[in-house]
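A, B, C and D label the chains in the order they appear, each numbered from 1.
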């Protein structure tokens, strides 16, 4: 049962991801991206990371893709035309990417397969995560907050309409 | 998980969902009646006694009307959009604890579809997905009014999710849990002997922020910018008719219900009667099922009060301008929410816990 | 007392900064007044300090850390003792008079604030030099006054000749400074300190030091002194330094800066007393300088050049005294020389001022009538320098000659010749300038009081200063100067038998001075032209007039090869080898960049593609078939 | 033990899923010329790594991976915000988001 659900959501995720990169219409790409994130959230749920699953939906599906769609709509006033990619590039890239994937698969399944697995999947409770965040990972956490502050400033500068040249 | 469990869960889901969907006809009637009351006119009074069957007539009208799809639209998304709007609204209900538990056939059944340990985040997360229906609907309509409505909706949603989340963080700090059920259970009893032990007394400011933000999240007046009929014809659903429009309509009322339910759960003690503890009530009534019915009734009453508040406000306050809307969120609600968190944290530290 | 000391140092510095950086007043009177007031403040402080040192509690000392590297520790040490007080009084006293004089001399000059700023700065740095407590601090003042000298010689830098003269002075001094530095290093090596007190104390306490090394150290320090004090072979810059304004020549190139070499050696008296070999060198160099310069001076036509060579000659005499270990005598001559040479320079300045810049004595003559004050004071100075009693020069010169006589009879003979020649060329100068008939065309006029007042004061000083240090022959008058310096410089001691009794030696030299003065007066007072008619003397005159072709010799020996070498570097080494190397590097970089730029397409996907290829390649390399 | 075995096999397929997801993202990045889709592909790659982190973390019972994922999500959100801001500005400049037309940095 669990395997079936797992397989279903894995395939769902991969198919929608393929949809993201293959769609001619960018709005379908965005739509596929939402579905892909849902699939990922489900996978997280299956692995027992409930909190992360919710966060995945809240941030990725609820905020990031909304931004994407928002920008797509903004740009839609004059339809952006995308030129076709050259066939040679596609072939070369695919070859490289799948070589890399194969290597990674071999390496990961070899090295990560040796990690001892627990009898039952662990539960990452919010409490554990927050304790870690505020003790062991406090420093990265604080750095991240500063980073976000810098980001806000950066976005503000980026988004500000260009000033009229005043003589 | 045995088959029986599965069947019980499915039944529970179906029953609660069907029950919640009944909010829609009731709300249609209430809304029209209240509007009439405020505008000093009789309102619906032809179909049935006091016009009580008006919702049925409306539903029939929606079902029987022709359902055209304009040729310039994106067919797939145009058709999908209303359901994208409705599905999250239905999904959210799964996390709301309606009552404690009932005993049927020797089994204890919690009156809640799914008792997640992160149900508050779940509600916020799924609730934030409702925007896709509006976005895709507006985009697929291929109509400038619709598109502008969608854009407004997107920025509004993103802007108001933040104060909503910040207000919720305050409550989470007070209760120390993300589980809505836990929160309700903690709100039993009295505070300082006089007040009911409700979240609103711990987080008054948080509650106000939550309330304001919930109006924006449900696209209700005074924040119904995505569909403001004075500017954008009908906003994102300009091109929609018959049952598709009705679906949007349903989604809106469902969202209203879930938001009210959420506020009830977080801030107003959920299924608890004020000043009376469950144990005492059980002693008086002598039956768990009876207690459960009373709890459900209490819950429905509290939710109704909020729904009524929504309706009242809709017909009393004027609409905001869009920039005012955004300034309200980024300029007032978010800073206040942040300050609320800090002050709550300090107070909790000083007073030692809850 | 320390505050007075600080005030003495600070006053000229403040004046310099105010004039040079703050006010920048174009009016000579305003800038000059400020500078003069500062110089006088400094002088009064020096007087107070002098009284303190002479009758009060002794030397004033201050120091604070300057350089601390490992065991090397150098302080900013200042010490105002008796020797310093003598120098300080000369510097500030003569200096302030020259400041006053400059107001008049520079009155026609535009932008003379620069001049006064330099002059004040010079006084400050000279005070640093003479009050420094160690060699390093002294070196700061040493270089500082060199800088001021350079700036003031080249004050009229629009004239390339004058700018070049400044450059020459600076470069020649560099050679001496290199010697000074070497001497300093040797001193540190020998004594482990640069502090004068400690060095002198160490030498006094034990004689276990390597005499050879001490000789070397003393020799190098003396090379430094030859540079600054214009001795053979480094004297050539001083005559050219007359390109500067005349008061500058008076202050820097006659009275103070050029004597800093003498001061340095006197300061390190215990070191030099013990180094016999070096003393011989010093004495010989001093005597040869004195002779050479005196000979050249007899046939110069430029009034300032005559005085310049006279200065070199007198400095040679002082160095001779140093070589004879008569440090007190040298210092005494330094003081008297400061007075009368400053007087002579200022007098010549007054003449030049009166003749609107004319310096050639063939264009002068008979100025006695038109410039009475100048003429009279100049005469006093001439008599003083000629060594005719009872004026200052007689006493100081006699002390030196006596020391030479004691050391070696040959030195005394040379010294006596120098004294005779001095009297001769000075009276020649006086006669050609002030006696006879006027040969020039400009209408001369007497200078204003700001210029004549210093002349008068200096004339009085030249007349009376000699009585401060009456030689031992007149043993009924006490030698105040020697007594005063006793704690710092032990008085000179008689040794061995003399070839000539000191009294007869004195009579001989004085007589020779009288005779040569009279001869000069007779020959030149009625002369129609400057050049002598005698065929017999012509070759000598040719040699003297051209300064023994020393400049030309140096040109051939040092300057030309150096120029050739520089040309080689400028034409070949720098553009071809150094620039070529750099260009090669830059061109190689550009070529390489041209290759690498092919990868920089500006397309982000291309970059990621390359990155991916890199990752794949790297992983394959790392694994080397271990997994696959 | 049976559960453990299952988990191992599930782990294997999880690796496969995350690597495949990563490959798809990389492919999208390399071949698509629309800047928005390139940005989406970037998100796919980040999520592939997240998936791997989650499953390793949950399998070994440590929460470090989860914390890392939280960090990654934060940074990803920030990156998208900046990226979209840049894309909007680019669009304002050239009226297109085709990456092929932004080659001003070409050497």
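Just so we're on the same page, a contact is a pair of C-beta atoms (placed from the backbone, for glycine too) under 8 Å apart; a residue touches a chain by one contact, two chains touch by 3 or more.
In this text the structure is predicted, and so the values were computed from the model without any measurement.
> By mean C-alpha position, what chain is farthest away from subunit B?
For subunit B, the chain whose C-alpha mean is farthest off is C.
> Please report how many Å separate the Cα centroid of subunit A from that of subunit D, as a whole number.
5
> With chain centres defined as C-alpha means, what is the inter-centre distance between subunit A and subunit C in Å?
So the centroids are 83 Å from each other.
> Need the CA-centroid distance for the pair subunit B / subunit C, whole Å please.
100
> Calculate how many whole Å lie between the centre of subunit A and the centre of subunit B, each centre taken as the average of the chain's C-alpha atoms.
29
> At least two partner chains per residue is the criterion; list those residues in subunit A.
51, 55, 63, 67, 72, 74, 93, 96-97, 100
> By residue number and range, which residues of subunit B touch two or more other chains?
none
> Can you list the subunit D residues in contact with two or more other chains?
Correct list: 26, 30-31, 33, 100.
> Sort out which chains touch which and give me every pair.
Every pair of chains meeting the touch criterion: A-B, A-C, A-D, C-D.
> Could you pull out which subunit C residues touch subunit D in their complex?
Touch residues, subunit C against subunit D: 593, 596-605, 608-609, 612.
> Which residues of subunit C touch subunit A in the complex?
Interface residues on the subunit C side: 609, 612-613, 615-616, 619-620, 623, 627-628.
> Sort out for me which residues of subunit A touch subunit B in the complex.
Going by the criterion above, the answer is residues 27, 31, 34, 50-51, 54-55, 57-58, 61-63, 66-67, 69-70, 72-74, 76, 125-126.
> State the interface residues of subunit B toward subunit A in the complex, per the touch definition above.
My answer: residues 74, 77, 116-118, 121-122, 124-126, 128-129, 131-132, 135-136, 138-139, 147, 150-151, 154-155, 157-158, 161, 178.
> Which subunit D residues qualify as touching subunit A in the complex?
3-4, 6-8, 10-17, 19-28, 30-34, 36-37, 39-41, 43-44, 47, 50-52, 54-64, 66-67, 69-71, 73-78, 80-82, 84-89, 91, 95-98, 100
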